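Per-chain numbering from 1; labels A, B, C and D assigned in written order.
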Amino acid sequence: MVNAKELLTVAKSLPVDPELFRGLFRQILEVRLFEEETIQLFHSAKIIGYLHPSIGNEAAEVGATAGLAKADIIFPTHRGHGFFVARGASFEKLMAELMGKEAGYCKGRSGDLHMVAPEVGIMQVQGILGSQLPQAVGTGVAHQCQKNGRVTLCAFGDGAAGNGTFHESLNLASIWKLPVVFFCVNNGWAASFPFTKSTSAATNAIRAVGYSMPGYDVDGTDVWQVYCTVKEAAERARAGGGPSLIQANTVRWRGHDPSDTAPYRPKEELETWDLHDPVRIARKQALDRKLLSEADIEKLKGEIGKKIAQAVEWGLAQALPARADYLAEVSGKF
Amino acid sequence: MRQLQYNEALNEALIEEMTRDEKVILIGEDVGAYGGVFKVSKGLLERFGPERIRDTPICESAIIGTATGAALMGMRPVAEISFIDFILLAMDQIGNHVAKIMQIAPGLLELPMVIRTEGGVGGGIGCQHSQSLEALFAHLPGLKIVMPSTPYDAKGLLKTAIRDNTPVMCIENKKLYALKGPVPEEEYFVPIGKADVKREGKDITIIATSFMVHEALKAAEALEKDGISAEVVDPRTLVPLDVDTLVASVKKTARALVVHEAVERCGIGAEISAVLNEKAYDYLDGPVLRHAGLNVSLPQNWHLEPVCIPSADSIREKVKSILG
Amino acid sequence: MVNAKELLTVAKSLPVDPELFRGLFRQILEVRLFEEETIQLFHSAKIIGYLHPSIGNEAAEVGATAGLAKADIIFPTHRGHGFFVARGASFEKLMAELMGKEAGYCKGRSGDLHMVAPEVGIMQVQGILGSQLPQAVGTGVAHQCQKNGRVTLCAFGDGAAGNGTFHESLNLASIWKLPVVFFCVNNGWAASFPFTKSTSAATNAIRAVGYSMPGYDVDGTDVWQVYCTVKEAAERARAGGGPSLIQANTVRWRGHDPSDTAPYRPKEELETWDLHDPVRIARKQALDRKLLSEADIEKLKGEIGKKIAQAVEWGLAQALPARADYLAEVSGKF
Amino acid sequence: MRQLQYNEALNEALIEEMTRDEKVILIGEDVGAYGGVFKVSKGLLERFGPERIRDTPICESAIIGTATGAALMGMRPVAEISFIDFILLAMDQIGNHVAKIMQIAPGLLELPMVIRTEGGVGGGIGCQHSQSLEALFAHLPGLKIVMPSTPYDAKGLLKTAIRDNTPVMCIENKKLYALKGPVPEEEYFVPIGKADVKREGKDITIIATSFMVHEALKAAEALEKDGISAEVVDPRTLVPLDVDTLVASVKKTARALVVHEAVERCGIGAEISAVLNEKAYDYLDGPVLRHAGLNVSLPQNWHLEPVCIPSADSIREKVKSILG
């Protein structure tokens, strides 16, 4: 009936900045190696409770973060370690938090599902899908009142996009022309439910039409495309042009979490992983563009690996919160 | 002393706090030009402009979520949900977020926000506009809850709530907005967590909330003719509950009746009864009893309302049956 | 950016059927006269509690009902007496219910805000705006499972359209291809809040694009246009073609309810009432098309007036529910 | 007798009822191919097809609303909300609609629907996946609430719930799904509104719900060594509460302790305490006490969970302090 493509906006593509691209590549690698480590730690019960690794979303999270200014605010999803890493959060404090240690970002009270790092402008992860959208709108209200020139990027999954908060939040942001970028990471799956069954829209991005805001549908495994798109949307927002909606398409390579073997997933999908692996893609781009050599990449890997290993070691050495202290601190208080 | 209506007192609290601190903003349906369904935000749009007085579409969940986000960025939002019944649409934002955000990020985040809403039966407007749902929020740790019963308390508690750095729910009552009472011209605050003995007595403690405070006072008046001296205590704050004041009163009277409009089952009366049994069992000469709303969904029928909630008469009867 | 018009569907317009049109005109008049009476009864405290008269929405409600089959289901809004009247509900039982009498549709327990009339396929009015949308979706699920050939029409206001249920419901209905017609009555106001401020979309109808369903924007004061549009949408739904979204534009002439003097409303709007008065419009159409004469219309008015007067008289004579009986019936039960 | 897991027993209940009555359908997230987060709907999609086993997007409010609409048209839907924490998103549909629809249209409408969900602390998954929110629903008249603690009760109560013509909430517990217990091969039902004395005793009545029934039983075992004979009563249904069985037990023991995982304030323990004081005051030798979840938002930290909820050990301590 309607040609979806015509309803979408396409960001102006910027020439690749070598220095910046190298930085982005490094971050993508950091996220991947960080997550491979967290999965190991989960399987050896050093990381406890929940774990939702960003594998597959590295380029989306890194590219989006790069498109923002330092002072801008990010609401990550429950699968959002990549945002923390891209914002330069402390690997030590991240690992410690995932391990439930007192030295973690939130004294070991937030874990994977509720982490927050105000020092790098990252808001609290919410375990209730989609609940962060109106909260992001609220930060937009604050930016507007405070005339602080900030923008908020609100990430959410293709699954979370089914929640009514999507509608209420986009509507509010659009009538108030708030500086908010809605960033839907469509990794094809919401637990066992495929994106294709979850909506009849070809892409969430075309829903932007209903809120008179630009809608972008981008390849979320292409870091530069994500960067250009978020940058355009963020700058529009900063200039008073209001919100945008971006859908970044990625692939969730593994199960929903490390204990999910994803038996529901069609075998063919796994076979296409190479085509969607953000690390492989960024690597090829860096090599093709001669921004990095194979040797550079190996060296990078070594450096990052060491940094992560140190963070793990540090985290393991930290203390768990003492039960008695915790009890004394909270009892009778709430 | 100057007499103000309850809604005027709340309006004054908002004006004072918004004048003092430009971080205070108001978000809700019909709060702008219309001045709020119960006229609590009358004149505020003209005074503070549309950036601070934000009329919203009908989206209760987003109203609370928006206030939350704004608070996280250092604003001090007051969100209005005009009927507490609608708040069920925002229950996730309140229960899973507003209540919890600070606790799971200890020391990292502040959430200085107020949720103003109202409850109560009156005027025949039915089961989706007459509930008293305060107990739901009392069961979600992380929310302070105030329920002012007089213009004085309304202004003083709302001002305190706005200055508090943690989330506070201010639950008003539709039958109270037009009530007049003394409100000083000079600035004052009512502390959160402090009950108020609204009438002294020695034979029984009637613990009543919100509009029921006035019915209890009328009942106490009438009970005097029956030779019964009833003390009326208004907790004013449900969380944190001022257990000391309640226990002190019961120590004196040895009997207690809890009265509220909310349905009885799992209402705040259950909590007060349980707490008094735990803390004042030895001073009691009989069980703490409850006199509360019927466990029913209110019909949209003015004529049947008196069947569903306590009144001065029914409180008097109940007290007589206890002491008789 | 996007031309909204191009995204909308326009229903095929059917030739006017004289008999049917006369019936519709009669119903429009019935609704108007019924509501003028309820307003009087409210002011004289015979109708108690709430009252949300359909004045301004007569053609939308009557036309939509006519577009359905008898066995189809209607979810009215809180301002939906027109649906009851158009479905041939008993004026007696309606009046009695509005007066809180035991003989009313719901034994005087539902009043204006929660009326329901299963005998004419009308579902319960909900006082929580927008909550009926997922419930309508559920009836669609039942129709589909029962293969009963029924369709559900779900009415909601421009205000209610702001609620997240809009998104969740349209999404579900579209992925399951349910026989549901979403019918947004945009009367320009949600209490004191104008439609134009409540959304940045020119019409809710364009949001249909985001759910891959047809979106129609129609003149809700033109009964025939509404009829043709709902009929088209209902027949598509019945044939397995899934849901549609219709926005019918009307004007709320009076205040939100009889006690609202609507001081917030711009004066100019009132002056245009003639252009939007469904009775005047339908009357002119009937006269122009020579379907009715002035005399016919006067006669009709007389007949309807009498029918309403009888219903009022009957209602007034009925008993209120006895308090003791009510108490006995409900106490200890829930 | 045959041993089944709790989730297998629930699965069998669904299979039996869906086989018997094609009006029974299932609606929820991941209930299809995945078989449900806790495997309660395992194999159902294959058996009954996608029209009756409906996997939904993430839209809790619409899940409940959809079930409601389907029930109004004569279906008998079972809606699954995989964690009770998410149910706050559907609170309006449940509190303002499911609970009320039948009451305000007396005799006109039936609403034969079941809402299955689960609660409880376990596995370090934090404050938005570990709550026990049953008390919220008990405060909304019009909902029956069952909370099975064994595979036997789970199957029997779910079958009864599905056949009931009014809305029933079935609240399970994440720590129970893997629990094994006897379940007869032949068909049986457990009545709604009937408490079960899970262990007889004479010195104190421990009223425990859901997973805490098992902790209470362990505590009772241990208390035997302390010379204390504890009776353990599982209400099984919270609404309607089987007050008679509770009172009968207290008549015998003269002491009562209520144990649940939900936070203490305004929890179901408050209601039970209040009711026992009202109905059994004269048989009691001391106050009804509560031992419940801490009033706090649970950290996402497995290590801190034991601080926040009762255990067999802490129940034993508490009982000893009462009787000691």
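Points worth noting:
Assume a residue touches a chain if its C-beta (ideal position, glycine included) is under 8 Å from a C-beta of that chain, and two chains touch if they have at least 3 such contacts.
Values in this document were obtained by computation on a predicted structure and should not be read as measured data.
Contact with subunit A and subunit B alike is made by C, D. Distance between Cα centroids is largest for the pairing of subunit D with C. One inter-chain figure worth recording: subunit A and subunit C are separated by 44 Å, centre to centre, where each centre is the mean of the chain's CA atoms. Rounded to whole angstrom units, the spacing between the C-alpha centres of subunit A and subunit D is 36. Subunit D has its Cα centroid 40 Å from the Cα centroid of subunit C. Shared contact sites, meaning residues of subunit C that touch two or more other chains, fall at 109-110, 114, 126-128, 162-165, 168, 171, 175, 197-199, 330, 334. Shared contact sites, meaning residues of subunit D that touch two or more other chains, fall at 57, 59, 61-62, 85-86, 88-89, 92, 96, 103-104, 126-128, 141-142, 295-297, 299-300. Residues 1-2, 6-7, 9, 162-168, 171, 174-175, 197-202, 204, 206-207, 209-214 of subunit A are the ones touching subunit C in the complex.
Contact residues of subunit D toward subunit B in the complex are 85-86, 88-89, 91-92, 94-96, 99-100, 103-104, 126-128, 133, 135-136, 138-139, 141-142, 239, 262-263, 265-271, 273-274, 277-278, 281, 286-290, 295-297, 299-300. Those residues of subunit D that touch subunit A in the complex are listed here as 29-30, 32-34, 37, 55, 57-62, 85-86, 88-89, 123-129, 294-297, 299-304, 306-307. Considering their complex, residues 22-23, 25, 27, 51-52, 54, 56-57, 59, 61-75, 77, 92-93, 96-97, 101, 103-109, 141-142 of subunit D touch subunit C.
Residues 73, 105-107, 109-110, 114, 116, 118, 123-124, 126-128, 131, 133-146, 152, 164-165, 168-169, 171-172, 175-176, 329-330, 334 of subunit A are the ones that touch subunit B when the two sit in their complex.
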